[in-house]
Amino acid sequence: MSKKIVTMGEIMLRLSTPGYLKFEQANSFDVVYGGGEANVAVSVANYGLDAYFVTKLPKNPIGQSAINSLRQFGVHTDYIARGGERIGIYYLETGASMRPSKVVYDRAHSAIAEADVSDFDFDKIFEGADWFHFSGITPAISDKAAELTEAALKAAKKHGVTVSVDLNYRKKLWSPEKAQKVMTNLMQYVDVCIGNEEDAEKVLGFKPGETDVTKGELELEGYKNIFKAMKEKFGFKYVVTTLRESYSASDNGWSALIYDGNEFYRSRKYDIRIVDRVGGGDSFAGGLIYGLVTGQNFKDALEFAVAASALKHTIPGDFNHASLDEVMTLVKGDASGRVQR
Amino acid sequence: MSKKIVTMGEIMLRLSTPGYLKFEQANSFDVVYGGGEANVAVSVANYGLDAYFVTKLPKNPIGQSAINSLRQFGVHTDYIARGGERIGIYYLETGASMRPSKVVYDRAHSAIAEADVSDFDFDKIFEGADWFHFSGITPAISDKAAELTEAALKAAKKHGVTVSVDLNYRKKLWSPEKAQKVMTNLMQYVDVCIGNEEDAEKVLGFKPGETDVTKGELELEGYKNIFKAMKEKFGFKYVVTTLRESYSASDNGWSALIYDGNEFYRSRKYDIRIVDRVGGGDSFAGGLIYGLVTGQNFKDALEFAVAASALKHTIPGDFNHASLDEVMTLVKGDASGRVQR
Amino acid sequence: MSKKIVTMGEIMLRLSTPGYLKFEQANSFDVVYGGGEANVAVSVANYGLDAYFVTKLPKNPIGQSAINSLRQFGVHTDYIARGGERIGIYYLETGASMRPSKVVYDRAHSAIAEADVSDFDFDKIFEGADWFHFSGITPAISDKAAELTEAALKAAKKHGVTVSVDLNYRKKLWSPEKAQKVMTNLMQYVDVCIGNEEDAEKVLGFKPGETDVTKGELELEGYKNIFKAMKEKFGFKYVVTTLRESYSASDNGWSALIYDGNEFYRSRKYDIRIVDRVGGGDSFAGGLIYGLVTGQNFKDALEFAVAASALKHTIPGDFNHASLDEVMTLVKGDASGRVQR
Amino acid sequence: MSKKIVTMGEIMLRLSTPGYLKFEQANSFDVVYGGGEANVAVSVANYGLDAYFVTKLPKNPIGQSAINSLRQFGVHTDYIARGGERIGIYYLETGASMRPSKVVYDRAHSAIAEADVSDFDFDKIFEGADWFHFSGITPAISDKAAELTEAALKAAKKHGVTVSVDLNYRKKLWSPEKAQKVMTNLMQYVDVCIGNEEDAEKVLGFKPGETDVTKGELELEGYKNIFKAMKEKFGFKYVVTTLRESYSASDNGWSALIYDGNEFYRSRKYDIRIVDRVGGGDSFAGGLIYGLVTGQNFKDALEFAVAASALKHTIPGDFNHASLDEVMTLVKGDASGRVQR
Amino acid sequence: MSKKIVTMGEIMLRLSTPGYLKFEQANSFDVVYGGGEANVAVSVANYGLDAYFVTKLPKNPIGQSAINSLRQFGVHTDYIARGGERIGIYYLETGASMRPSKVVYDRAHSAIAEADVSDFDFDKIFEGADWFHFSGITPAISDKAAELTEAALKAAKKHGVTVSVDLNYRKKLWSPEKAQKVMTNLMQYVDVCIGNEEDAEKVLGFKPGETDVTKGELELEGYKNIFKAMKEKFGFKYVVTTLRESYSASDNGWSALIYDGNEFYRSRKYDIRIVDRVGGGDSFAGGLIYGLVTGQNFKDALEFAVAASALKHTIPGDFNHASLDEVMTLVKGDASGRVQR
Amino acid sequence: MSKKIVTMGEIMLRLSTPGYLKFEQANSFDVVYGGGEANVAVSVANYGLDAYFVTKLPKNPIGQSAINSLRQFGVHTDYIARGGERIGIYYLETGASMRPSKVVYDRAHSAIAEADVSDFDFDKIFEGADWFHFSGITPAISDKAAELTEAALKAAKKHGVTVSVDLNYRKKLWSPEKAQKVMTNLMQYVDVCIGNEEDAEKVLGFKPGETDVTKGELELEGYKNIFKAMKEKFGFKYVVTTLRESYSASDNGWSALIYDGNEFYRSRKYDIRIVDRVGGGDSFAGGLIYGLVTGQNFKDALEFAVAASALKHTIPGDFNHASLDEVMTLVKGDASGRVQR
């Protein structure tokens, strides 16, 4: 089933220390490329859909390598503009046990942060498109990027494209005040809203319940109230959140909750031994989009998304390389991890 | 105590992705050599016995490297024939948590699959031998290999050698029908039969009980009935199985059950954090052979085998490099993992 | 707050196998430098104190690399003597699950083992110093090193420096009889004594209680009796021990107990997924010294030390690279391991 | 300038030892994918043309990784059939000085060797195509592959596509007799023929001159006679050869000769410090095709091809990653190797 | 002989591809830290002088790692300011043969580029200093950095410190016009001026002779005229240049020329097999400073500098790790490369 | 042709820096095992002879790994004694161009240095042996090792075994006076003496000619006079030397000279691009022994030895992994380095 999925945002060079080395110990960095919406694009391409990633990258070999990485995993790169000063970078140190993973960003002045609406032909981009996904990171990286996001959303709506957002609050990029000002406006274009309690509060201004995420507790009831309020205010078709229980950097509980305006559905919960946690939320969004755009009901789509993203936590890098078969096997209940010969 | 142990089968080039990388992410493969009976040979050589591995390998540097790897770990390679087209290969991707390890075989047309009985002098091979071990994989790889296996078994019996088999059903290599036809015949030569419920059903046609291996449950009673039937039908001296509880690709429960025609004995159970699961069963067989051939009683031999193979799960590669001392320390009960200085 | 901390002992070249490889499988060794007192020096330097490490190292590039490693992590190396035959070496194989890590020492004839009191100007070294730390390893490596230790202790006391010891019994280096003879004498200079039950028995001759460390059980009452006796006999200001519950090589419980002559205080307990256990005790000593020398009360200092050393278990190498901020975050209670962006 | 270039053949998994290790020393293999026509496709894609590679690959993750590798470097993979037993493999050991590089092939029974004409829609493949390239390796791998090659050639001619061949004799794949029988027939479809003296003799039956390639001597006159005869017999538009002077495995002279039926032109000669010699000839073919298809005169095209392939010798792997700019800089004469900042 | 040497400039994170991989092939980057003046500081520290490097680095673990790298190799980091947005980065791809090494800079907005004069206490920095070195890169990175440079130079002169400059023109950082405007003014503070013909023309406006550096030719006479003019105009004590004959990226000729206002002296010339060319010029400056500040005559200092920097070309990374002994052995004439046991 | 070759000496753990890193830069060491006589044993085993290596190694996993390495490459390890304190170590830094490779020894107190004659059963060792080889290093490592060497030589002579020596003077191990005292006595047992001018002077007291080895010049006449004198004094059957012209650490000329008491024969000379120079002389000895013991005339044996050892220079590690076929191809004249497919 061919579907055209468009995502737009920043793809960064990720420099991570090998194994569990701390930054101060590293004499080499492992190199992959990743970023919220790029990760989503790879996920859906991996399941066989036609994924297009929209961004701007510098005309140098590092920018080219980011493009090559997307092509390698089946994402269409036709709409990527070239130019600008630099590619954004993030440094990653992988934690273990009670030591958290640490991300150091160096993304200011990136090509996409300084891109212009005129760099892209949105009518062409959204022609024939079925879905558009963005995250709250993109409008946060600069005022120009916020403009760009709104331009994309308007074009998407003009072409009748379904829109999803992952709220994804990043405190290093903007304040709650700024976030709410920008994002509240953008919500008018959104059909499917993904975001946890912290996102809902910081990005959209909804008061949290008693959840204390650092303690791994989950206040489902609090979520339900917020979801209803979000649905009411913005008219989302679905409101969704992942439910991460962070026992430690090595072990997490992982499930999700969806609300269709009528019913709440909580997915199966997985207990995960973590290999690489980064991109977990993006792989969830990718799975959810795959499920919904290919006609699964919202409960099946949620289970697909949770299984897909559980698998992502066991795969190094930002991208989810779990195949459709692998996700389906897990959805169907085999989590035994027995060798597949 | 010097004992001559002969094993026969295929040794393959194993190409595994580093760390937890998926195949699509790998830019290098770690290289070791391994295969059911070769792994058993290394185990018993490692405990100080005289192990001889019988196979055929191509006359090229890759075939030579396989031989060198056996020699490195103390296996005698005098009886290995050289020639044929290629060495068999298997690709391995190591799983974690709910993501299973994945094996892709490329073993057709290997030298041993196309080897002839005339490539080997079985009278010389079994002269003075104490034990012969093979697995259900060897007769499965080709009709010629099945003939070869029977020729070896006849010679072994002629020389009064004790014979063990690890049933090891491989659905990619043959159907249950074919397996049962070939293997039922070969059981007449066998003294010690190792195999789990799936093996017993697929290879020998014994109906399974209610065990659902993907759920990590164990139906000991079912095993007992099957073991009695197997003993009765084939006259085995011992019937043995490992009991793997596959909680996930990262964590397994590990124990074993033995039946001497009179009494059932279940070993201590280990909960294992898995480093490399491949070769776990082979290291069990190696441990059991070591125990029995050196005169331990069958319960002690079983405990030795389970401890040895538990350790194998913590060691990268197909081979078990746990030393006799290390196994004995664990048998004696120290599983605390405290640093040995 | 600038404090001058002096530690003295041996720094060795550590050659460890990558990943979980056994020695027999290794084709390369990872290289770091480490040793009890050097590890303590790095810890306190890392928290911003002025750490000086005293040792002797050969005048060759390997000795220089050890010095460079100390400098890299902020330790002052001005008092290190150069000369002698060789640098001590230890080989390390990292265990997992029920397979213990294994250390093979090759430290005889090292420069520090054969160093002379005249190689060092202890008056200069302890001028303005606030703290001196040594371990039971240093006097164990040779008779000359025992003399050297006493010379240092005398000078430290002359300069009014607080002294801590980590008893650290090493059975490969000396017998309990020899240890007790040497160490009992040195205890007169000590203010803060760190050591577990085994150390107390082997090094100082205190009878253990029922604790069976290989079973992961802890007999707190036994400790209390011993602590009281130690305090009474030697007049220590504080007696301290870490409490390791060794579930396996992969998972440990980790806490500590302190006695100020008046009150026993047991710290919070951490359950740790272990990355590298070596240097865990040294990072505890480093944390304790930091806490006490910067004026924390003894309970806070203990919590700081336990948190610091819990983090060390998640970091490869001998040194603790956890920053002051990272330790404080954990002390304050966030052990959730959530990604820090 | 957009051009559609089609190449067809086998892409193999290349397993090479790191550095200058011999096979017997390797504990890991570096992994890339490559093969004559695939290498050509990457070259022209790299210069900005629309390259399509036609082959068949197994439906497993290794086959997928080969496809991903082509996509990564900009080759269209739409026409690749999936199925068959295995991907062909070649093992590579990189030589130095007087020690030659060594290739061990394991390519029998590969998916493309057993592919059927019906696996491909050649009318669609050659629709709008400008150029088709194949090598003498493809028809050599099996009789079916020879049939497939002729089917492709007929379709190419039907669609008015220019055809080039690289004769590339492989003695492990077929005898001169077999080669001549198959290839002589296929020459009727060829416009541009690339091949050295050995190829001309073994593949097409032209008697060599006095050239002794192992001595690095070059008999230009001999080439001229053969080129004239080849042109006369088969009506090629251009006959071309590279001229390798193999001083050692580390240093080669590199130039080329072209004949347009009228004039012989010999290129500039480069003295190369070799990093990776494999794929050198393919990168030459890729450069030549680029030059000719984009309208360069045959002398400029030859210089482009020689410069491009000289650069390939300095790049690890089968593929030529030298950019259009890099090749043009060298064509224009800057071989100084000064750092480009 | 203890001397205080101060250098000031930018230290960057260097990300280089392993071996001869091109950027597009890299899945990891080797990590070192380096930059013109930092490299000089390491050189002189390595010879035993007291080297102080002045810069500003962000308060994050990457900035800390740069500091650690300097400390590791003996440079004093007391005067380094902390703060600012980011550390500058450069990407490096190592060339071979006719393929040049390629540098991609990402250094805009670095902490030092945006540092303020008030970040440094130049009176303290130059108290007791013997030498100050900077390069033409530092004032080029920003207007603020140019101000900073002049402030440092004024303070240096106030404290009677000898000043050297390496003109080092970087066309990506500024135009010749801008360079000349800024640098001409700074030359009043300079005693020793290092720069090649290109530098002299672009940075100081002196017309070049006939030298065509891309051809590896050297026009000594042209240099002499320029040196005289430079000396005359700015009153330098010494004018110096390295003479690089760039045969290829793998092989260079390397020598130098010095003028003391009276006499020209050309050093011995080395033919170098290049391992890593980056930092070659900086190691020359470091060697020259060492020679002159320790009282060698200018010819001996030049020979020391050329030998030191010839050795640098054989060492990976930006820093020169050749020891004083190693340089002296080469100065004394042993370039045979025989194993030193 | 089966021949029993015995060699005796020290095998060390070799720790070398990867690539061209200097010791101070290394974060890992590559691990192989090697030593003069062990290297010879591997060479002759590699050509198909029965090689036995005699040494003593500690009973720890590092000692075992050394044994495994010998077994891997076909050397019989039956006569190796186990025990003692440690395995000797040498650190290696690989040079390039004018930077020499550097070896740091840490071999004192090794098991073989402290081995006793009673550790070995020389009658059994030399039973049926054809050849015994030792080097001047073995008696140099300790007085006990010198005794051991003489005991072995006496036993060898008793069993009619041909004896060869490689004089191999090591100035770090003994003085010329000590060397001459010990070695002059041992020469009575020697049939074939290998040594260059420096060896002849330092070990046997023969005055050198004008050869200045650091200049790469060769004074053949000087050699001839010394060879005649050596033959006369000690009655050697053959006197042999390699002739290394050390242009740089990267490039050497390599040939050899033999004297049979009647005629001088100088081999073909190879110009080598060096990958790893260590073990070059040992591979020469191995080649010479192979040639002579299998009945080649002394000139052919010399050419075999020179070709074999030229190839060794292109192979990483101490051991020569060049196969019999590879050596013979080079002996027959193909040094073109063309890819072998």
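Think of it as A, B, C, D, E and F in the order they're written, each chain with its own count starting at 1.
Quick note on the criterion: a residue touches a chain if its C-beta (ideal position, glycine included) is under 8 Å from a C-beta of that chain, and two chains touch if they have at least 3 such contacts.
Quantities reported herein were computed from a predicted structural model and do not represent experimental measurements.
Contacts with subunit A and subunit D are shared by B, E.
The greatest centre-to-centre gap from subunit B, using C-alpha centroids, is found for E.
Note on chain placement: the centre of subunit B and the centre of subunit D lie 45 Å apart, centres being C-alpha means.
One inter-chain figure worth recording: subunit C and subunit D are separated by 62 Å, centre to centre, where each centre is the mean of the chain's CA atoms. Counting partner chains per residue, subunit F shows two or more touched chains at residues 22, 24, 27, 68, 73, 102. Arrangement of the chains shown, judged by which pairs touch: an irregular graph that fits none of the line, ring, star or complete shapes.
The set of touching chain pairs reads A-B, A-C, A-D, A-E, B-C, B-D, B-F, C-E, C-F, D-E, D-F, E-F, using the touch definition from the header. Across the complex, subunit E meets subunit C through its residues 68-69, 71-74. Taken together, the subunit B residues at the contact with subunit C in this complex read 73, 270, 272-275, 310-311, 313-317, 321-322, 326, 330, 334-341. Across the interface of their complex, subunit B is touched by residues 19-22, 24-25, 95-103, 105, 170-172, 213-216, 246-251, 277-278 of subunit C. Across the interface of their complex, subunit F is touched by residues 15, 18, 22-24, 26-32, 60-62, 64-65, 68, 85-87, 89, 91, 93, 102, 104, 106, 108-109 of subunit C.
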